[in-house]
């Protein structure tokens, strides 16, 4: 059996650990051969296939990123995508494909699986929004980085009687914001799932200042205020009348300063959330998913995704995993609201 | 309602986060009053009761250890332990008790619950060996610390063609060894659940040297060799004939050096595994368990323990949680054996 | 003797370590009394004086920020600033003042010293730009944080064939950029001291892409291109024609993408560079400066600043320290240019 | 010009950064060729010479250990060591040698330099005990690791009313103990340079307990009590009468427990102090020393060592650097004693 491995979408700590788990067990236990596909689905389209053996995966466990490269290319977007995928697999004699990725990558895998291509999916994303799995690897690392950043900001906030806004990743789901905000002791946490009331946010902020503690507001990049509340004011324009805010974090800091009369600053964590060595949990999870993914190939149980349930690794249909985004349950958000303000 | 909170057993990152969650929600949502019990069950025996309010829990979220102190005192060991507990609770007008601890502390809680005392348990232990919960807080932090140490040792091992043995915590269960060993890319992992064959260990070590990579052996403090294999040799005695080895880690390094002819050294991680600021996951888990523990008191659902199942917090009978130790499943250990050697 | 202590300017890891050193030695060795001044020079103007004893400095060594608070208030800006400072000192019976701060705070101290007020300065700033001292505390912590961030970005850069721009602090001096850029293996480092040629920067970036390594550009917030090179193009405006770039980092990423045709992204590290627990070096340096500052008061050697020279702590006139900014030597920058491109 | 590079003695964070600096500047600026010598002086004896070019040093900057391997072999110990070194250099056409190491390695370099072999030295050691340089790389990383460990132990010490002894590296010099002890807020610091009085140590420990803070004792592995104080008591023997203590840390904990009646535990940090990614300072220092070392070869200024003085890199005779060990100045130790007890 000859198995291809690809990593798609944004890079994510744990990808290399998963690749290593797949290759080590595939070669040493099942006797498979492997090839790597460069830069996600783009490599399938372009036939960018590289050797992948036990030697290639040595020492990669603690390294972030992916030795195979990644891209956001959608092979189904062009003409006869499925046909071109089939051709590459045939040309390089690839019997089965393991696709490691988030919603988009897995969505393509599901579609290809529906066309009879032998594919197994492994979920990854720092956003933790893939359905059907308790957690995705990359998430724990991102939350640790964001939490450490919030810890750092507390000392500045307290030294200067100043509100600090931290914008973290999460376009459609507030998992990073919620976990890091709770772990970091934020006073307000804003997530995409629940449009926020800017007046309430400012009330919480002022409340915090009253007891001499400086507030930290954690906001997911995809969070938005309630309808009609986002107005760009004169003070948020430069001397030529141009808007000088970029992102929800900056808008929030500006609005808080404007409404409360206190200083407010924004930090946008950005790409440092997805880089660097994976946390121990992410290495463990990625390794275990990798081992089970290659077992799934061995069992010829194609069209499935491996997933975490409790402490077990299970298999679910790719179609189920890609049917929707896993977002924050309103009841959970509400329960944790006890710490706001 | 007046609720007492105590922390028992070894200290553990996340204890303060749990106390904070209990008090914040108890006061702000349920309108409870709180007292802290000093130094675990000893404080109940001695009536060492201190005030505990929202002000007392400010800023403690990221701090390791426990603001309430801890001890390993067993109140049931002395005469009429239950009676003395009852007396203290009556004297300080404590209606219910939340006991945060591992096997021993929760075992006492279960026994007191059986006697009609209103108690709720919260599991904690870096060893992760409490039954009925997917994970205990403290464990993730310990695994991260051990993994980081293993990462560090790799560079020394590789620079000197030398085997390195790392002894981690785990008297009865190999969870820390298994998770940190897998996350750290150890070549051999030894756990208390499975007596090891020293010949096999040395074969793995030699195998590793052959490909120019220096081996790392992770061993839980409670691991033991198969019957009859632990012989103390002349070379492990000093010039007076005294044994100069302490702990399984030192014995292993000595044996490896003796049998393979290569240098071998031991590092015993010890107490640094249980100290310092909790990981984001442990703060999250401890906070959520704290919130649910005080809800459980509110619901008067006594004699129960809050526990993690997947991403949910559930309640289980204390008796169930304390019926046995959660150890590593042989099938899991065997599956991960693919990385040994 | 009754000594006042104040911290001015931006907060900085190590401030608390310095305060602790001053108070511990002042009380225990010299038998002094202390008061804290709240929020830098503002507290002197407003008479915001708080008790400061050995108990107050317990446990603060590893904590970032400052227990005394800080501000950027200049007491000499208003009418009769010197007179008002004198009044407060007289009112609270403060015999001498230790001012811990950067250029601005120390400049005020120098001026007050010139007026006969008994003042000793302690240099701090994450920017490392105070003259007369090899290093200021706060700098090593900031460089470690920035380096760790660059380490993280490498994995993302490599996984996506993408240029990453990291904007670090440094309005007038490029110390953080230079040290973190060299330590992090950046391919281009841009500092305020040397206007850069955008064409050269892009040539280095393209050079890097040729060998399949993705480039990291570290830029100090105060760096600027050579005259006439900073033109805002149509592509850097939004649909209304508004400029959508903020800061040199964003401009650079935009320009690199435009000129090289590759993806480029920016991360602005911002306030996380100044927060959190100090590095071991900063705790050591701050502690030693604190001890020597209070000895300087004891010796009545006022109008001086304590400073690091090699491994020694020396005293220099405040006037000398505040005569200019310590910037990066062109020869050093040029020597390190071997790593560019 | 063809230059050989070797790394000798214990591995140390920053070795790879130094090698990279040497090779990058040597090739790109001076047009030199390089070879690597495997495993320190042993490789010179055995002719273990490997290629070393710009490609070989890519990506090694943040990695601990040494890509060249190391050993403690002394080439001058065997017969005609100098002759054999000459032969290897001639056989592989090596014109000059850069030796990166501590006291022993540099001592050999000095001796070979005296015999007319063209050699330049670069100091490294986590112990910081090489004379003639303000700091050696590796030291800052080791101090950061030890400080972080002490930070962690504080929480355990405080939660259990227990004295904790931390044994750090330093056989002949107490630099790591002193810096990490001061940075970590230890209550007692014991160094090899000053035999300690065990009664005084216990008095400090008891003093600390009185104010409810648990003491942390940091001890260098080479520290010793005053003459006649180290007696092995019955309680430090096992049931067979065998001594069960290993190292000064264990002896201290045992003695403290015995004399004060409080619990005391030991943590021996061991090899984790020398492994892992270098701190930003060590990467900076190692890189700068590497650049200057190859310049020194270019200038044919042989028999010298590059060294840090303040913020400058200077050259000093190897003979001067190896004339003695740099130990802790009694005045410095005494000054910092204000924090003891």
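Observations on the structure shown:
For reference, chains read A, B, C and D in written order, and residue numbers begin at 1 within each chain.
In this text, a residue touches a chain if its C-beta (ideal position, glycine included) is under 8 Å from a C-beta of that chain, and two chains touch if they have at least 3 such contacts.
Just so we're clear, the structure is a prediction, and the values are computed from it rather than from any experiment.
A centroid comparison over C-alpha atoms places B as the chain most distant from subunit C.
For this pair, subunit B with subunit D, the centres built from the Cα atoms lie 33 Å apart. Chain centres here are Cα averages; for subunit B and subunit C they lie 41 Å apart. Subunit B has its Cα centroid 30 Å from the Cα centroid of subunit A. Within subunit C, the positions touching two or more other chains are listed as 151. Of all possible chain pairs, the ones that touch are A-B, A-C, B-D, C-D. Subunit D makes touch with subunit C in their complex at residues 24-25, 28-29, 58, 61-62, 134-135, 140, 143-144, 146-147, 151, 179-180, 182-185, 213, 277, 279-281, 283-284, 287, 291, 309-311, 335-336, 338-339. Within the complex formed with subunit D, the residues of subunit B that make contact are 7, 11, 13, 15, 39, 63-66, 69-71, 145, 148-149, 151-156, 158-161, 164, 238, 242-244, 246, 250, 265-272, 274-276.
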